[in-house]
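Before I ask anything, here is the structure I am working with.
When the chains are written out, they are named A, B, C and D in that same order, and each has its own residue count from 1.
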Amino acid sequence: MLNTLIVGASGYTGAELASYVNRHPHMNITALTVSAQSSDAGKLLSSLHPQLKGIVDLPLQPMSDISEFTQGVDVVFLATAHEVSHDLAPQFLAAGCVVFDLSGAYRVNNAEFYTQYYGFTHQHPDLLDSAVYGLAEWQADKIKQADLIAVPGCYPTAAQLALKPLIDNGLLDLTQWPVINATSGVSGAGRKASLSNSFCEVSLQPYGVFTHRHQPEIASHLGADIIFTPHLGNFPRGILETITCRLQDGVTQQQIAAVYQQAYGDKPLVRLYEKGMPALKNVVGLPFCDIGFAVQGQHLIVVATEDNLLKGAAAQAMQCANIRFGFTETQALI
Amino acid sequence: MLNTLIVGASGYTGAELASYVNRHPHMNITALTVSAQSSDAGKLLSSLHPQLKGIVDLPLQPMSDISEFTQGVDVVFLATAHEVSHDLAPQFLAAGCVVFDLSGAYRVNNAEFYTQYYGFTHQHPDLLDSAVYGLAEWQADKIKQADLIAVPGCYPTAAQLALKPLIDNGLLDLTQWPVINATSGVSGAGRKASLSNSFCEVSLQPYGVFTHRHQPEIASHLGADIIFTPHLGNFPRGILETITCRLQDGVTQQQIAAVYQQAYGDKPLVRLYEKGMPALKNVVGLPFCDIGFAVQGQHLIVVATEDNLLKGAAAQAMQCANIRFGFTETQALI
Amino acid sequence: MLNTLIVGASGYTGAELASYVNRHPHMNITALTVSAQSSDAGKLLSSLHPQLKGIVDLPLQPMSDISEFTQGVDVVFLATAHEVSHDLAPQFLAAGCVVFDLSGAYRVNNAEFYTQYYGFTHQHPDLLDSAVYGLAEWQADKIKQADLIAVPGCYPTAAQLALKPLIDNGLLDLTQWPVINATSGVSGAGRKASLSNSFCEVSLQPYGVFTHRHQPEIASHLGADIIFTPHLGNFPRGILETITCRLQDGVTQQQIAAVYQQAYGDKPLVRLYEKGMPALKNVVGLPFCDIGFAVQGQHLIVVATEDNLLKGAAAQAMQCANIRFGFTETQALI
Amino acid sequence: MLNTLIVGASGYTGAELASYVNRHPHMNITALTVSAQSSDAGKLLSSLHPQLKGIVDLPLQPMSDISEFTQGVDVVFLATAHEVSHDLAPQFLAAGCVVFDLSGAYRVNNAEFYTQYYGFTHQHPDLLDSAVYGLAEWQADKIKQADLIAVPGCYPTAAQLALKPLIDNGLLDLTQWPVINATSGVSGAGRKASLSNSFCEVSLQPYGVFTHRHQPEIASHLGADIIFTPHLGNFPRGILETITCRLQDGVTQQQIAAVYQQAYGDKPLVRLYEKGMPALKNVVGLPFCDIGFAVQGQHLIVVATEDNLLKGAAAQAMQCANIRFGFTETQALI
């Protein structure tokens, strides 16, 4: 049994992580923590997320010094803000824990990136070097060896799973940048009071056009320029991305199907659609990324869906943990 | 043309009032104001409520002293917090304005009520005496003479429109308290950042059970005890109330239909259902209260619906203004 | 391993049953069937319910004669129309199967009931006698011996779980009928094309007032008259019931808490709220019934929530199966 | 007063048209008709659309021969299926009516188009010649002279309003086809029973990828190739289109703002966003098309929103009628 600590457990992702660890046959929750300043400190996780009542009734403990919580801990999930993860990851690594960070703090091996897009100066370029980007279907070999896994963001997971097989196999004419039109549920903004996320204010609309920091995350890992336009959707959970690409001359539907099959045919958490297109509802509450596509002439449209809190966060983190520790990849997830 | 001031115009009700006054052929907007401390001060109403872009593009002016805004003003709508209305109403009356207050500050002619349910000591018992409760279908004669009209709350409007004809005509056995089960859209909580109204947190649930201050407002004006159980619904606007009553022995469906017909047959903003039951969607965005009912033995179920922001607030305020100034009752509303 | 047949597997409840059986360590799916006339015959379950893609990819087989499907089958779940269950249950019993019927065909031991409320003449009064009503928390001893378990309807499960401890312990003054105000998600109407369930037509509204057949099911099993008013809600899944009762003189909050504790303190699928009230979202996708209550004077308001497709259908059926075969009560459910 | 006939009045668009005509000071409803075979024949419009109760309580009359309805009629709105409009338009023209057709039957002056995309052989190429495409902001001069106005489809209206100023002014590099990613509310599918539009089945998903017939309608009228990907959204009304284009070298944000200003600065039903982006909720129930945009390098993203039933159907039809008959363009609409 791996002793597991969930840091920043009060949010939507933290609750999902707690649920997964709780049902994992080889992991158990050592503690759930929140910032010492949090007004949620001392409350039961299940009082914030009553769906977990009777399932995970542990308290959210205030953490000011990690040393109070590292004793005997094997695994740490950081469901914390970027700056907090930036600071905590090296401390937990020093304490001998394997760290799965769900923030953006270690996703891009380029310290400048953080200055530009995250507004802080990265202090741990060595860890940027050693951190493994936890896009699980593509990084299994590295994940198995890693102590710091930077779990990808919600939008980047779907975008990369959709585009990487096409780009790696040279099927796209990248002089025309792929257009990623993405719509996310409101939970992507986190659990907090905010006017823009209040029930009466939410409706389908674009935001962060040309300025969202998931754009460089995607571009950096794909090694290709892309246009990324996120939208807020009027639903709590899920992401749907519609990606329009230009194919190289002569690329056929069969070739595309073949590269997807090669990439994901044996991957349990990516579901390929041979016909029809994914719909959002079919991934909500589930750990999958669903992918479908259509071709006309040199135009290709790929549609990818996932639950932003699951394959886009907690499920992928657990998938990485399963890979890291040699468990069945879908343990606790399906 | 009546010069009209809307105080507290930044909220959902304020926006609806502005829209109504704007389209009224005999009224025009003198100014829209917000508290001098409001972060919305100086913004355009249509920047907060973009549906009004191109319709009402006036600024929200900070008001610290009413005297800057009363010059030539005939009508004031107070879409302000209870305590603010409590303080402002006498000032605007002194300035010669006719005041329509949409808060609870002058709804119940009982100063104790405010201590108990609103948490402040009422300073203007004389105005409680002279204020007219603006339940428009029932108070037209008084409204015509009034200078201070206390527009009823959203839940009480539907509840009283449904119950008053039955009670006034002695059709109910009131030893068994009518059970008012009500569900309101989230806009009832106002335009503000709050975790409980955030998109991912909202779902159908009761709140304020046995403690909501609309319970004594309803009971006081009906002169009857009632049980009132409000719920938050997962929709932005609208109220549906399902009211279960016990009839006096021998009361028939025909008698009930007759008293409703007598009360509302000539009232343009109450729509009676001869068969079938009201559904929420049919009143959203409209100034009506819809009423349907069913009888079995001595049990009567009445269902009333309204848009909480309209017949439950802005539309009823405008209806009162139309009555007060001798305009067609539905002017600007339909 | 128990070989398990799911009859009528194409609907929402059928899909949930398939998911539960699939993950049950001691059960496996022998076949999924639909009516031989169904246009879904031959399709994969996961083509109708793509959330199950990669999880349950079995075909929906047309069944005209049960004998083609009973070979070696231990357990049958009937997720079929009332009349179909009425006809099939005795056939499967004769074939030696244990039958869990999710329709209304065997829920009330009174043949007249079916003539009056279901519109058909019941042909198997002997089975009405021997069938056990599968309200799992209350019928475990009988379920263990039964071969035909009539799983309760969605509304009746929540209503009875809320009221039965109060009534059995004599806490209610039943001369005033409990008022059950219930709101259900649209999935309660089944998976089919219908104008009234189309997306643009759905909004909160009452239906079947005084005429819904769950009223006599509830009253019959509670042994008490009740008023039951169902509503359609604008959400796909879940039921919330707000129940207003009159207490016997002198009954206290503590007594009520005690009888609930006694009834459900050791029951894993009923979650009691010591403070606060249940909200719909906390049971959606989960097998629980959540219960909270508030008291004022002689008035009691109980709120019960459940997922209509789970504790109100598939999860309770599986709970009954777990009880019947001696498995952990929550096996496959949590 | 213009006598006005609404044909096919039972649907969502028909109801909106009836509401507009009803409130128009210079038009009145002569009759509302449905197909003689319709099960809605004889019902009140307000029984199908209860929001109109007390507003438009006219019956839906079965029409088998138009001559029963043309006496004294000046204006006809056809809210009928494409094939029905195809057949009826010449009949109403022959009877001396001015015809506003909301179907696709006369939108593209190319008989082949109908064979290919609509599946019928067009019998009236002369009318295709004389029909005016009712994109109101662009065709006012022609509309004033026309007797047959083909009101554009919902998706094409927003797409063309967004793209036409850019293309006409040569700002786009059209060798890279504009990518139109559009999401529509479910009412776009019409008022009918269908499994795919049932409440529990609807969720965000693409449909008709590369095959939707609005693609050639848009391309034909813009004179440019485009990629059009429609999606179904989980909301009843509204369309949001996110359009990604490539600019000609050196085109600036200011130039784009200028061409939009030139095109729509004096147009009351197109609202330009100087900053920020349109959100769906701000056009629902309103006759506007809202347009915002952002530029980065050679990439331009334009976002356009409208209510699919209003600016995308009924409001634009009425706007065309206002133009045709010399009324204020927004009469009855704002």
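Throughout what follows, a residue touches a chain if its C-beta (ideal position, glycine included) is under 8 Å from a C-beta of that chain, and two chains touch if they have at least 3 such contacts.
A quick map from chain label to UniProt name: A, B, C, D = N-acetyl-gamma-glutamyl-phosphate reductase.
Just so we're clear, the structure is a prediction, and the values are computed from it rather than from any experiment.
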Of all chains, the one whose CA centroid lies most distant from that of subunit A is B
Any idea whether A-D or A-B has more C-beta pairs in contact? A-D
Hey, which one of C-D, B-D or B-C is the same interface as A-C, over half the contact pairs lining up? B-D
Could you please state the distance in Å, as a whole number, between where the Cα atoms of subunit B are centred and where those of subunit D are centred? 36
Distance between the centres, which are taken as Cα means, of subunit B and subunit A, whole angstrom: 46
Chain centres from averaged Cα atoms put subunit A and subunit D apart, in whole Å, by 40
Where does subunit B touch two or more other chains at once, residue-wise? 234, 278-279, 281-282, 284
Of all residues in subunit D, which touch subunit B in the complex? 23, 49-51, 53-55, 268, 271, 278-279, 281-286, 288, 290, 334
Seen from subunit D, its contact residues with subunit A in the complex are 176-177, 179, 181, 183, 203-207, 209-210, 227, 229, 231, 233-235, 238, 240, 242, 244, 277-282, 284, 294-296, 299, 301, 303
Residue set of subunit D touching subunit C in the complex reads 12, 185-187, 191-195, 197-202, 234, 236-237
